[in-house]
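Next, two complexes with chain A in common: one pairs it with chain B, the other with chain C.
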Partner chain A sequence: MNVVLESLSRSYGSVRALDRVDATIGPGITGLLGPNGAGKTTLLRILATLLPPTSGTARLDGWSTSHDRERVEIRRRLGYLPQDLGLYPRFTVFEFVDYLAMLKELHEPRERHRRVREALEAVDLQDVAGRKIRTLSGGMRRRVGIAQAIVADPQLLLLDEPTGGLDPEQRVRFRQLVGRLGEHRTVLLSTHLVEDVAAICTSVVVLWHGKVLFQGAPAELRKRAEGLVWSAQEASPDAVASWRTDNGMLRVIGACPGPGATPVEPTLEDGYLLVTSDTLTQ
Partner chain B sequence: MSAPTPSHPLAVIEAVAKGRVPDSELVAHLESCPSCAGYLASKARLDLAYAWQGIAAELDAPLPSASERLLALLGVPQWLARFTVQIPSLRPAWLGCSTVVLALATLITILLVPTHALDVPAVLVVVPALAGFAAAFASGRADPAFEIVTATPLSPTTALFARLGAVLVTNAVLCEVATLIAGSRLTTEHRLRLYSALSVGRGTLAFGWLLPMAAVALVAAMVSARSRPIAGAAVGGGAWLVLVAVTTWVSSDPAGALWGAWAEIAYAGAVVVLAYLLARSWARGPVFATNVGVD
Partner chain C sequence: MRVPESIALRRSRTPLLGPIWTELRHLTYALLVLGVGASAIIAIDQTNIAYPTVGYDTGVAYHEGEILSAFLLLLGAWLAMRDRRSAATDLISSTPTEQGVVRLIRLGALAVASAGAFGLLFLIGLVSALTHGASGGVDWMLVPDGMLGSTLAAWLGFALGLIAPAPAAVLGAALYSGGSYFINTQYTHYNTLHVGFQWLLPFPPLPQWSADLGYVPNIFGTHLVFVLGWLLLTGGLIVATPLSRPRRTFASQVALTGVVAGLVLASLFGVQLQAKANDYTVSGPDPAHWAPEYAWGASGLFTPNPLIYPDDHRATACSTSSAVRVCVYPAYGRSLATSLVSILDPEARAIESVIGRPTYVRMVPVAEESCGAGFGQAVLTEQYSFSYYDDLRGYLISCALPQLGLLRYAGYGGLPHDYPAQNAVALWLVIRSGELTPSAVRRGVASWGVSCLADLPCTPEYGDVFGFGSLDWTRAEIRVGLAMVALPPVRVASELRELWPRLVAGELPLAGLPGYRR
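Moving on to the complex of A and B:
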């Protein structure tokens, strides 16, 4: 599924959460990267047809989120994991995913239950299918959320901060799962964790105060920092960022901090910091 | 197994082997004709995987609740029944609170203001329904899965009227019980006035208070569609209070003015118009979408 955003804006009173966003997102896994308050959740909610834009358009395979009938078509092809995942604690895992499958128009019980079992197996929850949701850990609940998002085999998967609250092992397993899911569909993954994007995303959109600062491949974002990352004893005052690493040296992003500094290979995080700092200094 | 002679119903047997239900004539024939019975056995293929899916589907199927079964008996599809019974305001705790409100109204009616038997219930009768309505559509804490459910292809109009109807009917039953209890302790004159106004199916008009309750709930829904459920409930409740206060102030017979035939006709008209307008506006925009933060 292709997502095309044209001059998309959304305001809450005087606060502009999205400011004339233009972007094209295609199949594969796209990371929506930005700090808290950048407008990531607002953008995902517009794409999930939960919020109307104040102006501009969001089209998913040509369907506009602003038109009634087209919105239903979008919802038929959508899997959505919200940031604040709400589940019914008194439901069993199977019951909850089955309930959402019903609402996603899987009405034939045999087929629906097969899909529910498949979704639970995909997130490795088949052994706790009969357990009440209130007895699950935070990571397991997150996986229930992913199971409900994928149960109807959506073409577009919107995941809002999906790794929040997961421990390192769960995060690795989650990346593997999303990597598999992204092989045959469009996945839009909102996060403020650069390592999530570096690990699984094929493209990245950097949002900052409602504006798109960068869109492209993670390698391109990393390339932005080429020749601007140094290992040095001291940081120059005009450095974008600097921090001490485990070898005792400072990692400095910005212009050459002085004699003795040696250039180092940039990471995605360096590119992200550089792109966002450009806005700060302008 | 050799095939039976052409006089046997081969085509029908093959259709049965593929899943068609045999009629009584064919069953009788199969019982009396070993050749055709053998032919059917040779053609019928047991798909173990498919059979297992059916068994598993039955085993996995969550047990429907009593309210779900009741809705199913009324012909409501399973998915809509399950959606409807998830309304927070139909959970036992909420219904308990509604019952307490109505019990208090009943108690006040019986003990404190027997000469104004209609005033207190008239004001309070819409409260549980309005609060229940607000909770039925409130996002966040009231319905934790609100955001996920809203992103499904479920028709907003269907969702609206299913939940609105369920809240109204449930509260109608509670109000009916409260009215009957209150009425049983009043004088004959007051009881008749109370019944004619508030009790379904008694007095000169059935659904005495149900129509105004529905109209007020629809007003609340219309406001909520563009604001927040709590604002909708406040506007709906406020409008009802104003109507009761003004009627009491200007009319020599407030009860007759509030619950009389002309008033009921006006309520019915308002319900029809409001339902039409609500269905239109609801389908146009996402429901309660303003109840989200900036991020």
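Moving on to the complex of A and C:
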């Protein structure tokens, strides 16, 4: 599924959460990077047809999120994991995912139950399928959210901060899962964890105060930092950022901090920090 | 490891039934249990003081649906607020199922739960009645009517939950149940407006109920369609509300149809219910000769005109002693007739000497009992309270008094009576009935004088003189009456039998009575 955003804006009173965003997102996994308040959740809620844009359009395979009938078509192809995930605590895990599957028009019981089981197995919740949701840990609840998002085999998967509350092992499993899901569909992953994007995304969009600062492959974002990342004894006052690494040296992003500094291979995080710092300095 | 097959839920064949079943499984059953429990306890408590009949007892259970409704209102409000409370609104809204259909699913679950809860309450009422030995039939119209009324309460709660935060919903529920109860209990039978208004409630106060005639007037056919109209209107508005603009979708069509049909039904049948407030003509055996007159402010819903309700030969559950025969409607069972005979037989024997005394008591479906002067029979109103039947002492004697030219009710045009012998015999009968004691009569005479006797208060000490205000006993009459009381009743009865024609004709002097000679 292709997502095309044209001059998309959304305001909350005088606050502009999205400011004339233009972007095209194709199949594969796209990471939506940005700090808190960048507009990531607003963008995902617009794409999930929950929020109308103030101006501009968002089209998914040609269907506009602004038209009633087309919204239904979008929802039929959508899997959405909200940032503030609400679950019904009295339902069992199976019942909840099954209930959402029914609302996602999976009416044939045998097929639906098979899909529910597969979704629960995909997020490793098969052992707790019969447990009430209120008895689950935060990480488990997050996985229930992911299960309901993928149960109807969506063409577009919107994941808003999906790895929050997951332990490292679960996060690795989640990356594997999303990696598999992204092979045949469009996945938009909103996060402020660059390592998630680095691990699984095929493209990345950096949002900053409602504007798109960067869109392209993660390698391109990383490339932005080439020649600007150093290992040094001391930080430069002009550095965009610096922090001490496990070998005792400082990792410095920015101009060469001085004699003795050696250039090192940049990471995606370095590129992200540089892109966002450019905006700051401007 | 795989998810076990056994975890799969019950299957459904249609798109709506599956989610309705899931919703149904997760309603707050504590509220349902509390609602059914509270209303059933109150219903059983109320019927425990009444003579058990299936029709009346299940009617009481029906009416306690009002208590159940308060809990169902909370249940509906809780379900409506669930998405907000659990922050699941976005999750549900992002599915292709229209918001209107989601609401339709939840209304469906509430309808099934509410109807089931009311059905259980009604069943408890029925079982309780049968356990207490009740007989007779059920007015089955009450069941769908109560189910619709219960569902309406839950749907109103759902609407309340959608638009109000939790505390307001709770307050609304309290106002709803309290308001209904207040209207039902405080403003009944006062005037036409109030009667018509109270029948517009989901659980109206029951009209007069008769084992023979059913409900008089029978509002339940009309009321059922009226509540159905409100239900369609409420449901339609709930489903239609989230639609941002008119679209021809399944939910919008259902909603629109519901709103229009509901408006039409509620309006038309609401007007009919109002009109029934004055519609009290009952289908008695011969309405041309007997028709109850509506009388506001009377103790019952309506009072009969002075005509005797004709014998419809429907009071066929009878019991007989040597002095009196009592027949009641079969719905009360023969046991009531037997019980009444045991109460009435002693005084029937006491007035055996009274020619034309009632020997036959039959039940009638009106609110006021009458005495069939000259017919040898009395009619006994249908009443449900045990205390009423225990309080029948003096009933036959009061019916026998018209044989002496005396009228039971002063309001019936009784005039001062010039026949001292009849007055003395009347006093003897009243004392024999136990309504007045000789000592009370003596105290009354000593305290206020003879002319004040009629003003004796109706206290346990003096007994209920039930309206002998038109009688002014003279000292001579009282002396003879008390003297007759002192004689053996059998002897007085025997002597009176011989004297009766002259006594009724007003030709017997006071000196001719047994007590005077003594």
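By our rule, the second predicted complex is superposed on the first by the 282 of 282 C-alpha atoms of A that agree within 3 Å, B and C clash if a C-alpha of one lies under 4 Å from a C-alpha of the other, contacts with A are read in each partner's own complex, and residues count from 1 in each chain.
Rule of thumb we're sticking to: contacts are C-beta pairs under 8 Å (C-beta built on N, C-alpha and C of every residue); 3 or more make two chains touch, one makes a residue touch a chain.
Computed from a predicted model, the values in this text were never measured in an experiment.
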{"item": "Combined model on chain A: chain C and chain B, fit or clash", "value": "clash"}
{"item": "Contacts of A:Leu87 with chain B and chain C, given as first, second, both or neither", "value": "both"}
{"item": "First (chain B), second (chain C), both or neither touched by A:Asp127", "value": "second"}
{"item": "Contacts of A:Asn36 with chain B and chain C, given as first, second, both or neither", "value": "first"}
{"item": "Contacts of A:Asp167 with chain B and chain C, given as first, second, both or neither", "value": "neither"}
{"item": "Which superposed partner A:Arg45 touches (first chain B, second chain C, both, neither)", "value": "both"}
{"item": "Partner chain(s) touched by A:Glu220 [first = chain B, second = chain C, both, neither]", "value": "neither"}
{"item": "First, second, both or neither for A:Met102, with chain B first and chain C second", "value": "both"}
{"item": "Which of chain B and chain C A:Asp22 touches, first, second, both or neither", "value": "neither"}
{"item": "Clash-bearing segment of chain C, relative to chain B, as chosen among 188-196, 206-214, 440-448 or 458-466", "value": "188-196"}
{"item": "Common interface positions of chain A, toward chain B and toward chain C", "value": "45, 48-50, 68, 72, 75-76, 78, 80, 82, 84-89, 91-92, 94-95, 98-100, 102-105, 107, 109-110, 113, 116-117, 129, 145, 148"}
{"item": "Chain A - residues contacting chain C, complex", "value": "45, 48-50, 68-69, 72, 75-76, 78, 80, 82, 84-92, 94-95, 98-100, 102-105, 107, 109-110, 113, 116-117, 120-121, 126-127, 129-130, 145, 148"}
{"item": "Touch list for chain A against partner chain B, complex", "value": "12, 15, 17, 36-42, 45, 48-52, 68, 71-72, 75-76, 78, 80, 82-89, 91-92, 94-96, 98-100, 102-105, 107, 109-110, 112-114, 116-117, 129, 145, 148"}
{"item": "Parts of chain C lying in touch with chain A, wherever the complex brings them together", "value": "1-4, 7-9, 11-12, 14-15, 18-19, 22, 25-26, 82-83, 86-98, 102, 244-245, 247"}
{"item": "Contact footprint of chain A on chain B as seen in their complex", "value": "53-54, 56-57, 60-62, 77-79, 82-83, 86, 140, 143-155, 283-286, 289, 292-295"}
